[in-house]
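To keep things simple, chains are lettered A, B, C, D, E, F and G as they appear, and every chain counts its residues starting from 1.
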Amino acid sequence: MSLAVKSIKSLAPLLDRVLVQRIKAETKTAGGIFLPESAVKELNEAKVLAVGPGGLDKEGKRVQVSVQPGDKVLIPQYGGSPIKVGDEEYSLFRDHELLAKINE
Amino acid sequence: MSLAVKSIKSLAPLLDRVLVQRIKAETKTAGGIFLPESAVKELNEAKVLAVGPGGLDKEGKRVQVSVQPGDKVLIPQYGGSPIKVGDEEYSLFRDHELLAKINE
Amino acid sequence: MSLAVKSIKSLAPLLDRVLVQRIKAETKTAGGIFLPESAVKELNEAKVLAVGPGGLDKEGKRVQVSVQPGDKVLIPQYGGSPIKVGDEEYSLFRDHELLAKINE
Amino acid sequence: MSLAVKSIKSLAPLLDRVLVQRIKAETKTAGGIFLPESAVKELNEAKVLAVGPGGLDKEGKRVQVSVQPGDKVLIPQYGGSPIKVGDEEYSLFRDHELLAKINE
Amino acid sequence: MSLAVKSIKSLAPLLDRVLVQRIKAETKTAGGIFLPESAVKELNEAKVLAVGPGGLDKEGKRVQVSVQPGDKVLIPQYGGSPIKVGDEEYSLFRDHELLAKINE
Amino acid sequence: MSLAVKSIKSLAPLLDRVLVQRIKAETKTAGGIFLPESAVKELNEAKVLAVGPGGLDKEGKRVQVSVQPGDKVLIPQYGGSPIKVGDEEYSLFRDHELLAKINE
Amino acid sequence: MSLAVKSIKSLAPLLDRVLVQRIKAETKTAGGIFLPESAVKELNEAKVLAVGPGGLDKEGKRVQVSVQPGDKVLIPQYGGSPIKVGDEEYSLFRDHELLAKINE
């Protein structure tokens, strides 16, 4: 889905949605040699850019999402809503679809 | 679905439904040159025209929808009920189907 | 489904059901010229004829339906139970299936 | 399903089930002329013969069914459990499957 | 499913399960003439042999089943778990699958 | 699923799971004559070896399972997770999948 | 799913997820003879490396997971999200998918 917004920062996820950007795998070796595209593995690590206010539980109270902007997370292999702003790609996930936080 | 109503303004969404109109992509460049149709990307941005009073939770209380008329929103790639009034096209979504608000 | 009842008025919807009749599109132009059948668009506007007493929530309380007899409503493209009395056609929808009220 | 019971009256529906018998369409005209079988329309009107004590809600309380023995009801096109006693055919529906009461 | 138990009486259904035995249709006429097998209709009447203690509702309380040992019931056309002890066949149904009690 | 554990006794089922071992059918007659394999009927009787602490209800309280180690139970024809330790086969069922207790 | 993290220890499962590593079957006999690959049975035993803080029940309270880091568990034949860090493979399961604890 292409968006005409000037910056991804104008996107405020609704309910329990989390906006993430996949972390790109290295395309050159430590020694500076560029890797052929087939050798670059797609990673399932992503950076959280923005989070929704949380979904509503059965009593109408907000359930805060599990992650915060800046967190690094493990995202599932499939799923999420892809978004494209300019040449950059992003995804929106429901909070419960995120698998793990990555602490470094 | 074609409607014979004179104005889209006569439509009042029920429950948690949200009436939106997709924002049209630019069909000419900044310099005024018209783009061929294949170069015009379909956008998933829409403007909220009207919102329902909200669905009912398990205790019969109204759950207010997350957006307001005038908001710009990111809509999902698929889904929604298409409506046509005259030559204009609109869609009805359930509140929880909307992905994000777009702040500008 | 054909019914042998003398009048549609003898039908009292149960629970959260709403009895509607689709509004017929104009078959002649404002100037009085009859339109060929292919030019008559099927509309998704309907008039509410009767409503049920409402479904029951988890605590056994009635949840009133969102519309009243006389209301004009936007019905979904598919769904509903068709009913035929004489030559007239009607439909029964669940309250939550109705998309919007049409105020004029 | 054939039953060896002597009378349909020995059947007491369980929970929210409703025992009905479809009302037969006229097979001769008002003037006494018999209609060919193809001209006899199948009706979806049925008479309620017996009702169950009602299902149980989440707190274990009985939820009374919406109809009473003697009521005339509109039944859905499909569904229900067919029962045969002698040459007569009956059906068992869940209460919420019945579409409307027919008042005459 | 074959069982090696000596008697069906050793079977105690769990939760909301009901153990029944289908009532056999007459295989000879009132006058004592044996009917050919194709003329013997399969009946959906069954006798209740044993009932479970009832399932648990959302608060952990037992929900008593609707029938008692000795009751005659109408069973659905399909479903149930078949059990064989010696040459006799039995079935286990969930309580809510039973359609009606047969009072005689 | 093969397990490298030394004894099946080291397995402690989680939540509402029940560990059972199917009871083997007799492979010789009372008189001591061995039955050909095709004459040995597979039985659906099993012995309970271990039970989980119970699942959690909606309020977070443990719901005790319906059976105890040592109980003989009727298991369903299909389902369960097969486990193999050495040459012996076992199964894990959810408590509500067990059909009946067998009292002898 | 490949991860670029330096150590699996940087992974903190979210909600009720449990990070495990399958225990490898012996590839040589007790006497030190290497087994051909076809003779090495895949085991469904796994070691728990990390657990999430627990999912949320309907009242928003954390439901602690059933296992702890260091526990040995029986994992189901299918399911789980595979993760690869370097040459090592791991899996993430929901707590209720784990079948049994293995006590040794």
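The rule is simple: a contact is a pair of C-beta atoms (placed from the backbone, for glycine too) under 8 Å apart; a residue touches a chain by one contact, two chains touch by 3 or more.
All values derive from a computational prediction rather than experimental measurement.
**Student:** Which chains, if any, touch chain D and chain G both?
**Tutor:** Both-contact set = empty.
**Student:** Distance-wise, how many Å sit between the C-alpha centres of chain D and chain F, to the nearest whole number?
**Tutor:** 44
**Student:** Roughly how far is chain C from chain G, centre to centre by C-alpha average, rounded to an integer in Å?
**Tutor:** 55
**Student:** What is the distance in Å between the mean C-alpha positions of chain D and chain E?
**Tutor:** 25
**Student:** Which parts of chain A, given as residue numbers and ranges, touch two or more other chains?
**Tutor:** Residue numbers touching two or more other chains: 58-59.
**Student:** So if I start at chain C and go to chain D next, what's the full loop of chains?
**Tutor:** Following the ring from chain C in the direction of chain D gives C, D, E, F, G, A, B.
**Student:** Name, in rising order, each residue of chain D that touches chain C in their complex.
**Tutor:** By the definition above, chain D touches chain C via 23, 25-26, 41-45, 57-59, 61, 63, 66-67, 73-74, 76-77, 96, 98-104.
**Student:** Can you list the chain A residues touching chain B in their complex?
**Tutor:** So the residues of chain A in touch with chain B come to 1-6, 10-15, 17, 19, 52, 56, 58-60, 81, 83, 92.
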